[in-house]
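Next up, some structures in structure tokens.
Here come two complexes built around chain A, the first alongside chain B, the second alongside chain C.
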Partner chain A sequence: MDKFTYKTPVTLEELVESLKSANENTYILGGGTDFVIQMRKKRLSQGVIIDMTGIRGLNEINMDEDHIRLGANVTYSQLYNNPFIRAHVACLAQMAIKVGSKQIQNMARLPGNIVNASKAGDSIPVLLALDASAKIINSKGETKQIKVQDIILGMGKTILNRDEAIIEILFPKPTINTRSSFGKIGHGARNELTIANVSLAMITEYNQINNIIEKACLVVGAVAPVAFHAAQAEVFLQSKRPSRLLIPQLADILQKQVETVLKGNVSSKHKINDIRGLAFDVFENIFTDVI
Partner chain B sequence: MLLEFDVNGIKRKLDVDPEMRLIDILRDKLGLKGTKEGCGEGECGACTVIIDSVAVNSCLVLAIQARDKQIITIEGLEKDGELDLLQKTFINQGAVQCGYCTPGMLMSCKALLMQNTNPTEKEIRLAISGNLCRCTGYTKIIRAVREAVETGGMQNG
Partner chain C sequence: MDQKLKYIGKYIPIHDAKEKVSGKIVYVGDMELHGMLHAKLVLSPIAHGRIKHINISKAEALPGVIAVFNYKNSPEILYNAHKWIEGIEVIRDERLFTSHVRFFGDRIAAVVAESKEIAEKAANLIEVEYEELPVILDPEIAKKADSYPIHPDGNHFFSKEIKCGNPDEKMKEGFLTIEDRIETPKTHHAAMETHACIADTDQIGNITVYTPCQVIFQVQLIVSEALKIPRNKIRVIKTTTGGSFGGKGQPILEPIAAFLSYTLKRPVKLVLDRTEEIIATRTRTKTIGTVQTAVDKEGNIIARDIHMLVDAGAYTTNGEAIAVAMGKKTFKLYRIYDQRYVAEAVYTNTLIAGACRGYGSPQIHSVTEINLDNVAKALHMDPVEFRLKNLVHPYDKDPTGGPELGNARIIDCVKKGRELFEWDKKYSRPKQAGRYARGVGMACGAHGNGYFGAYPDFITLSLRINEEGTAVLKGAFHDVGCGTNMTMMQIVAEVLDLDVSKIYIPATDTLVSPFDSAGTQASRVTFVCGGAAKKVAEQVRAKLIAYGAKVLDCMEADVVLEDGYVWDCNSIDLKISYGELAVITQKRYSEEMGATMTYQSPGNPTSYGAHFVEVEVDTMTGRVKILAYLAVHDLGKAINSGFVEGQIQGAVQMGIGMALSEEITFDSKGKVTAGRFSRYHVINAPDMPEVQVELIERLEDLGPFGAKSIGEAATVPTAPAIINAINHALDVNLTVLPALPDRIMDAIKSKTKERV
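And then the complex of A and B:
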């Protein structure tokens, strides 16, 4: 029969039940902002759609001893509107408000961005910088926790099996010294709805008493098929005192790293200026009160 | 399959196909043609409706995803034959020209005011960032929202 079946699990048990018959024509539905477009483009008309959005309890932002836990149904708007996330995980809130438009932010969720695995996916550099993991459930009801870094294999490719769904994103709780920011420069006719050409997530452990950056984590998005750590920049910033003088050097290091990845690809030349600009934006954003 | 939801305060039960989008059933099954389809890809905002108090592109939502939810479309703004304050200020300020973007624009602005009764200009701009208007240059739209905020405030106080 040339039709979709639509499943609306309300509990994790029902989700597991729905996953049992999963095959290559099974589609997991989050906010639908990627899926509905793909469904129409590819003229998909049969198979099973498993709608995650009605599962109870997955729309919460929680915290335990060591982790922040975001249910699979937490939208970008919820992230941005959450006072704790805004204050203590600024890179995540800043990313959320830069995704698409208000309408997109009200529907779209992190698991969809991960599984879509677009080169330009805005959440990916942020989740990598946060050292985030996804909690995945399968058709046997087993759960496992895998680093987002290890989930994405390449553009549009992940390790997820057809009978697996992401139910939670979690990452270590920030410390009192954690400061972070996210920036992107993109193309698009307007300021809004920009698809990233280059994005940069930066998280630092900054000890204000000693005025020392104890640790820095920088992840560059949209340049390579998968976002990557700018390892040299991370080493460079370690044990430094934040100052404006550091920024041009940081920009040089990031530029070099992006150039290496681009391997002289001329059509991507503008990314080099963009990453320099982002180095300034993001660094200034994090240390504005101390530089 | 059966879809039960609330549209503009009226409980509805409809038989829908899983691949139907919310915009399809609003327009074709419920005859609510005020909601427009522009791009069909989330870029223009012409299809914006309010679902449980937030603005959403009805071209990117499957109809079934709206189960048990409360939907407001442009047709639901008017109350007892009287236009919503925002509709009046849009007219006052000349924020409606060809009108194609207007229903979606109004729903984005309405959603904003439902959450924030006194938005800044920046917040207004952000709220309509997903709504394209080729005619007005947005200034008149922003003015209309400001006017609604100011008169609304006076009415309440």
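And then the complex of A and C:
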């Protein structure tokens, strides 16, 4: 009979031990919100499952000198319930509260979203905008730190080997000038509980004294196989004063970029409308007090 | 009816509420029979073609596989699952497994195995080679005489005209004539429980079918026809049903499971997953309607001409019946004495259509009610004012000679709605500039109460008060989750003056339930079956009084029945329970405290509703938010207020889907591109507006305690009300449902172009 072996490491040492025998039938399990569906779709009926969720210490949100560190087991619910994240990394909190439903938010975690590497993964544009990295451990107990940008190779493809697991996500600490926001518009006509049709993460360094956007970072999700920086929009916003007049111009630039990426794919033409709406939503959200 | 009602009108939870919320209830999918096998269907991956070659050897070789069936080793008998009673003419074009596939999802084979997993694995090992045939997806192309025939007699299989007066002449006299062409989508019922069924066969070849169905006797009939087995050898037991909405009306899996079990002489379970449920059961019928309405200067409708093109999908099923049903509604809502309705039905290589909540009413009303708003707009009249001028009045006659409308209270609905919704204020509010546009819309709807005037409509019931003073009501009731059983229990409780908890309704089973002509269909249950429950209860009540008088030795007029006890009003001290009376009656008079009777539906009045909605449209992305929703319904009398409210809220949820988000889509080759809930978007909780419900309870003369239908009627006005609201918000004319973001953006863009 087919069967699974289910491993439940509680320490990193045990995780490393579990990874030692990893092969193509070894699966790492986070919240399971993608994995269980994959299991059914691919009719997986045997192998080894390594359950990450019992590993001690990986469910914490910590901060050191330069970085915010999110343990691999931090759920979306934890992210948006964390006052610091809500206040200073708004894009991450806003993203987390838009993932699926409450039930999903209570179970699902960031590493799963990265490794699943869906075009529509909500955390991906946010993590790219944050310039986040993942700390990866392998079966020899070695760790390395790699930018999320470099982990995802394409839809459903990452550089991770079978004997590697993400144990932490980290990104540079926000400054007092950092402001950010995330928005998504889903497939179909529903407003809530949707799979992203287009998403947009925006992070700015805004100097309130000079009233100048010193730096802007915009990442568009769900349009191309992998989320991408909207480079022209980033250049456009640099050194600008935030104002309502900027928004239509910013929206035009983003629309043009999305249009270029879509290369005339008519079935996706509503993404061009949607990115315009998102440009307004996200910009207004960040600068509501100064425009 | 003046006396105080004890049970009617109250909210009493559905009879199996506790078992459902505690997870104890057993659905057919939970059932396990000894030695049970599992079946998996193999569905066509192309929309049109003939099987050139089918190779089942790999599937058969898989350990645990018992048998594989396809067109080569299954009955060739053609049937039409829509047929629910002997004596109605139908086109027979469906068979268990086909060699000529006509849509993406057509059944070509079934694998039976020791486990579900093995059956699924084996199903994937079946190799089929097809000769592909031309695919027709567009009903307007199918209608053309030279379109590639999907069935031997061509694609255009039905037309029908219903007419009153002289519409052609009158149309010319119009001060204004407005024409619209409106498309409504194919949609999925989305019941929580997918289709599922178990069939079991005994040593002598008697088949028992366990199924969450809407009509046990229809299942018996179709299994019997498809397998050529006498009806008496087929027993159908209805199981707890997790929603239906018309989707479980036609027996789809039952003849298959019965065949598999009958052939293998073992119990066989067949459960569909969601994708199979979407593509291989039934859908709401897609329609393309054109309507022309002529009015005079004052806004009186003087003539109307309606043409409906009905897309039945790949097989006939109820294509004819629904085409006619839609037409009948158009003569029952407004006073239009010169009107023509023409319907034509065609096959396409798309999913099979069938009954879906409203049975064509939501479609036909989408066409006519959107058009009427455009007429009002052209007249510069408030759409509410315009409708009030033209709506039917109580006891109006149907101008085509159809069943009378009864106590038709649509005008009351509209007036009440206008007031509660603050329509006048909201409708005339100046439009605000900016990204978000707000608007209001309303629409009216009409729906029937059973089959009277069209098909046999009767039910036999048996009610008995037993020795312990509880009552058993036997009848073929099909509670699909909306509270049919409790509704009947409340009616019986009220008549007998016996607590509802003392009334019991046994399982619905062809072997023991008396015959019912039509099951849960046609919005007939409360009106017809409820009417029957009331009548049989009245007969038992008369017996309680008659024997009560004898036993108590008093006048019948002095007998009091209250809360399960009977006494002589002149001697209150001697109270005997209904149970004791039943025992004495049996002993002394050799008579039981029960009655059995057949009840014929006395009529087919119309149920009405008016919905009012306020929307906000994001003009950048084309997304719509519903800000306020009011549903006002003329249902005569609510038997159970909580059920009624629940029905209306659920109906609005379905209607919003039809208006905004639900559509089964196909690629150019006819492959379904919306075969799962991540691509087929039903409106779920966060997007659901608060639905305010208001009831007009003016009592229908022919209904039990004045009641008439609501469950289907409630989803009729929703989609057109929403489209009218969007059209009002944006000053556009949307003509294709659902109003997806793209379609809204296109409408906005073409409007701006017009202006330039």
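Quick note on the criterion: the second predicted complex is superposed on the first by the 286 of 291 C-alpha atoms of A that agree within 3 Å, B and C clash if a C-alpha of one lies under 4 Å from a C-alpha of the other, contacts with A are read in each partner's own complex, and residues count from 1 in each chain.
Criterion: a residue touches a chain if its C-beta (ideal position, glycine included) is under 8 Å from a C-beta of that chain, and two chains touch if they have at least 3 such contacts.
Remember, it's a predicted structure, so these values are computed and weren't measured experimentally.
Enquirer: Tell me the contact category for A:Gly32 with respect to chain B and chain C: first, second, both or neither.
Expert: A:Gly32: touches chain B, not chain C.
Enquirer: Report for A:Ser45: first if it touches chain B alone, second if chain C alone, otherwise both or neither.
Expert: It touches chain B and chain C both.
Enquirer: Given the touch rule stated above, what does A:Ile185 touch, chain B (first), chain C (second), both, or neither?
Expert: second
Enquirer: Quick one: classify A:Thr53 as touching chain B (first), chain C (second), both or neither.
Expert: First partner only, chain B.
Enquirer: Looking at chain A, does chain C or chain B touch more of its residues?
Expert: Touching more of chain A: B.
Enquirer: Using the superposition on chain A described above, determine whether A:Lys102 touches chain B (first), chain C (second), both, or neither.
Expert: A:Lys102: touches chain B, not chain C.
Enquirer: With both complexes superposed on chain A, which partner does A:Ile176 reach: first (chain B), second (chain C), both or neither?
Expert: Touch partners of A:Ile176: none, neither chain B nor chain C.
Enquirer: Of the partners chain B and chain C, which touch A:Gly277 in the superposed model: first, second, both, neither?
Expert: In the superposition, A:Gly277 contacts chain C only.
Enquirer: Mind working out whether A:Lys269 is in touch with chain B, chain C, both or neither, as first, second, both or neither?
Expert: second
Enquirer: For A:Ile209, using the defined touch cut-off, is the partner it touches chain B, chain C, both, or neither? Pick first, second, both or neither.
Expert: So A:Ile209 meets neither chain B nor chain C here.
Enquirer: Where on chain A do the contacts with chain B and the contacts with chain C coincide?
Expert: In the superposed arrangement, which is not itself an observed complex, chain A uses residues 45, 190-193 for both chain B and chain C.
Enquirer: Across the complex, what residues on chain A touch chain C?
Expert: 43, 45, 185, 187-193, 195, 269-270, 273-274, 276-277, 280
Enquirer: Which of the residues in chain A end up touching chain B in this complex?
Expert: 3-6, 8, 29, 31-33, 36-37, 39-40, 44-45, 49, 51, 53-54, 77, 97, 100-104, 106-107, 190-193
Enquirer: Show me the residue ranges of chain B that touch chain A in the complex, using the header's touch definition.
Expert: 1, 17-19, 21, 40-43, 45, 48, 51, 54-57, 59-62, 64-65, 67, 108, 111, 126-127, 129-131
Enquirer: Mind listing the chain C positions that touch chain A in their complex?
Expert: 117, 120-121, 435, 618, 620-625, 660-661, 678-679, 681, 683-684, 686-687, 738-742, 745
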